[in-house]
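Common to both upcoming complexes is chain A, partnered first by chain B, then by chain C.
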Partner chain A sequence: MKNYLKLVNFEISRFFKLYLILIGLTIVCQLIGVIRVSKGYMDLAEKVMDKNQLSVSRFIEQYGTFSVQRFVYSEWFLMSIYIGIAILIIYVFLIWYRDWLGKNSFIYRLLMLPTERITIYFAKLTAIMLLLLGLITLQRLLVLIEIQIVNSIVPSDFRTYSYGISNIDIFVLLYPNTFTAFILNYGIGLIFVAVLFTAILFERSYRLKGIFFAIVYGVLSLGVFFAPLLLNGFYPRYFYPLEIILMGMVTSFIVLGSTIWIANHLLKHKIMV
Partner chain B sequence: MIEVKNVHKKYGRKQVLKDLSFTAKKGEITCLIGINGVGKTTIMKAIMALTPINSGEILIDGEKIRKDSFEKITFIPDTIAMLPQMRIDEAFTFMADFYKSWNPQRAEELLQFFKLDPTEKIANLSKGSMAKVNMLLGLALDVDYLLMDEPFSGIDMFSREQIAEVFTSHLIEERGVILTTHEISDIEHLIDKAVLIDNGEVIMEFSVEEVRENEGKSVVDVMREVYRG
Partner chain C sequence: MKKYWRTIVISLVIVATISTYYIQGAMSSKNDVTFKFKTTSGNKEEIENLILQASYNNGDIYHPLYISKDGSTNPRSRFIIEDLIADPVPLEFEKYIQDYRKFMRGKVFDPSNYFEDEARLIYTDFSGKNRQVLTLQIDILDKQTNDSTSFEITTPTQANISWIQVNDVFVKNGEIKILVTSYLYNDEEELHVYTVNENKKELEDGSIIAKSEPGMSSIRIYNDSNKIQNENYYLYKVDKYKNKSEDAESEIISSQAYLHNNLNNEVEEIDIANKLKSAMNSMILHGGEVFIPVHSANGLELNRYNIKKKQWGEPLHFNYPTKANNEEEPFLQLSGGKLYSVNRVSDGYSLFIGDLRTGKSLYEGKIIDENRENLNKDYSLTIDQIYSIY
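Let's look at the complex of A and B:
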């Protein structure tokens, strides 16, 4: 347990510089974006109203009110989200491959630590999840600031009142309202990353042949994971929703349990440095 | 004692280790000798469970390797097994964090012996200094067995001399060492036992002293006989 925490701390500190850059980039990109988008809207309003001699209400009729949605669907916002997601996905691979590649062979050290090797896997998995949660928390704070910025630039006559993040539809997935939904969303994310990790370990154990194993394993895992939904698709209304959920829980545990078991076996007996 | 028993290993279709067996005792320096590509590094990796074997058995003091074994045996690969962006003292902290067998006094002693600056970043070190740090990280562990892969290759003469000095000092005494080399002449006087390997097979295993006393031959003489027929 102690070694696990040390390794988590170690993995996070290794990514931290890049993480700070990513956070900085997100903040700068979104703040510039929110200012530009709301200023752009106001410039448009002034120009159009001036040119066509429109009242505020007529302008809103034609061009719509300003809501945070307008910013959320702008390239500024989407770009920063996509960059964040892309970097995290790349890092899921890099967190393993960086230890093999390059001049140093840090993987020697990691695999020779006097601790169960699966601890390394758990630590890397935890690091990825923490980094993800960190970014999501940052986004939550940023949106609050952004709403304030919008409010200071766009007068209230032009605005649709924003209640907060929960009514911005793309956030529903990221910020679930209930604890169950939270566990569900992030649990699925965790399983997905765990399966990817095991697939990477297949490649690291069997190299070229391992890529084939990894693909087969990945497809099988996804198949098992989505089996309840597929069943529901083939036999609509045959199962009660509760049954589907229970089946989903069972298949999730099967996928997660098997992925950890396989990863443990590969790390212990098959891994190749 | 480290026992390597009837180990077979294949990379794809290529048989890299063929029924390979030898033993290495505590308190002795055992040298695996052979040209490049005969499987010397693979043997070390196999002992440390860093590469799988197809059949056979490897025992350390009669036991298969498990997590606690890494407090008893360590491997010094031919590249540095630490993050290059770390400073030497940070690397020490890392080792102390994870290994009960890390011996800080000995690390300090080695640092002085090798004349290394602990605040130096590993990535900025010369090749010779990097090899010394790599060696240090293994030597400062209070382990019974040390495996070293080509500790003398690719470094300057003076670093080589310093490393050779370590072998005759108290830093190695009492411990079991297995090292590989393809260049025996420099270290012939250091080793107790030679294991000649070719094509993944042990072709000869002998005590250097016995052969020297009984037959008046050096390791190189024996090798000449074996390889040239």
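Let's look at the complex of A and C:
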């Protein structure tokens, strides 16, 4: 356990500088974005209302009210989210490959540690999930600030009444309405990262041949994972939603269990340094 | 400990923020927009078993709601994934799924495809909709024994049908009559009545009772699409247009309502007075009568036509407040011998329940929002359907 925590902290520390830069970039990008988008809307409102002698309500009729959606679907916001996602996906690979490709094969020392090798796998998995959840949290806090900024720039006559961020579609996935759904969504995310990790280990164990194994393994895992949904596609409405969710839970456990078992086997017996 | 500060900080911030979000969410869901009934006059028992399937709209926000005497609830699924897998189950089908779980598998949740009486539940559907052969599938459930039988019938080849819609199912004396609209590839529409002999399991008849040509005529059906029990008639209207040019607005030259009698397969025309012609689109078939509602500033005039007697009776008058120059279409539903009406009024919506037999008011009330401060004045409430749940 102690080794595991040490390793998690080690992984986090290694990424920390880049993580801070990513956080800074997100904050700057979104704050500039929210100010520009809401100012842009108000400038347009002033110009149009002045030029065409429109009242506020006539303007809203033609151009719509200002809602947080306007900002959320602007390039500023989307770009910051995409950058975050892209860097994390790249880091899913980098977290393994840097140990091989970096100076004096660090993986050699890692694998020599007096602990079960699967601990390294769990530590890296935990680190990725922590980093992901950290960004999700940051976004949640940023939105609160951004709503305040919008409110200070756009007068309430121009704003759509909105209750909570849970009404913005892309946030419904990030912050589901219930905690169960939250666990479910991020559980699925965890499974995908775990499968990717095992695919990477396939490549590290068998090199060129391993890429082929990794692809076969990945497709197989996805197939098992999505089997309930495929079943639903072939026999529409035959299974009730709750039954499909239960089947999905079973297939999820199968995929997660097998991925950990395979990873353990590869790390113990097949991995090449 | 000091060594671990980065991990500890990240973990703490995550746990603190995410847990506050969900704790706050659980608390603030009480402050969501909620509606309830407020009785003005009449019998409160009228709303005892009522559920209004509605939606709240405001700007970008769309919020489905069930409103009952206990307030409003959100029918949204527990998991987002559930919505991805299937459309939400309509309220009226929940009890069928509960009672006949096996029978309901794989079926479309559209009341038009079903027939029900005390003994049986019958489901009909067409398959191979886009292929050469059109098969009619019939599933029959014995409600007492919970046994079901099913058979398929190949209908005469209808190669040019692009889409088929079951409008109603009528079952009597060993015959299953299915009213169907066939949409052809050349944009024509046909109104078919397929008659199936239950014992011989074969198609007895597949006659066309009406047909429309694109740009020349159109057909509309006025049967209650939510009624699963037998309806003795099919009520439909054929509009004929002046041969219209590309961009000109189509001009109706004639509008005729017809009744198809399911017992003897006869079709009769209904004579409709000129002053009611413009209101024909809101015709309602209910309890052996055809109703034509006409809205006015102080309520509703309900014109009634008795199908058996073939004559128009004295219209019913229901008085209730409505907002003049109503932009929102008032909601009207006739079921169980009662009239249900929801109207926009100055401070929200009114709910009116009237007796179709006596023309008297049974219940008058309002649908009000409980937390006024959460509500934007520009909201609108759309009622889709009123259910009586027993």
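Quick notes on this structure:
We adopt the following convention: the second predicted complex is superposed on the first by the 273 of 273 C-alpha atoms of A that agree within 3 Å, B and C clash if a C-alpha of one lies under 4 Å from a C-alpha of the other, contacts with A are read in each partner's own complex, and residues count from 1 in each chain.
Just so it is clear, contacts are C-beta pairs under 8 Å (C-beta built on N, C-alpha and C of every residue); 3 or more make two chains touch, one makes a residue touch a chain.
Please read these numbers as outputs of a predicted model, since none were measured by experiment.
In the overlay built on the shared chain, the residue A:S13 is in contact with chain C alone; chain B does not reach it.
Partner contacting the larger number of chain A residues, of chain B and chain C: C. Legend: residue contacts after superposition of the two complexes on their common chain; A:M272 is shown touching chain B, with no touch to chain C. Of all residues in chain C, only 3-4, 6-7, 10-11, 13-14, 17-18, 21-22, 25, 28, 31-33, 58-61, 76-82, 85-86, 97, 101, 105-109, 374-376 touch chain A in the complex they form.
Contacts from chain B toward chain A in the complex involve residues 45, 48-52, 67-71, 74-75, 77, 79-84, 94, 97-101.
Touching chain B in their complex are the following residues of chain A: 3, 6, 10, 14, 102-106, 108-109, 111-117, 205, 268-273.
Residues of chain A that touch chain C in their complex: 5, 8-9, 12-13, 16, 65, 67, 69, 130-131, 133-134, 136-137, 140-141, 160-164, 166-167, 172-173, 175-182, 184-185, 229, 232, 235-242, 244-245, 248.
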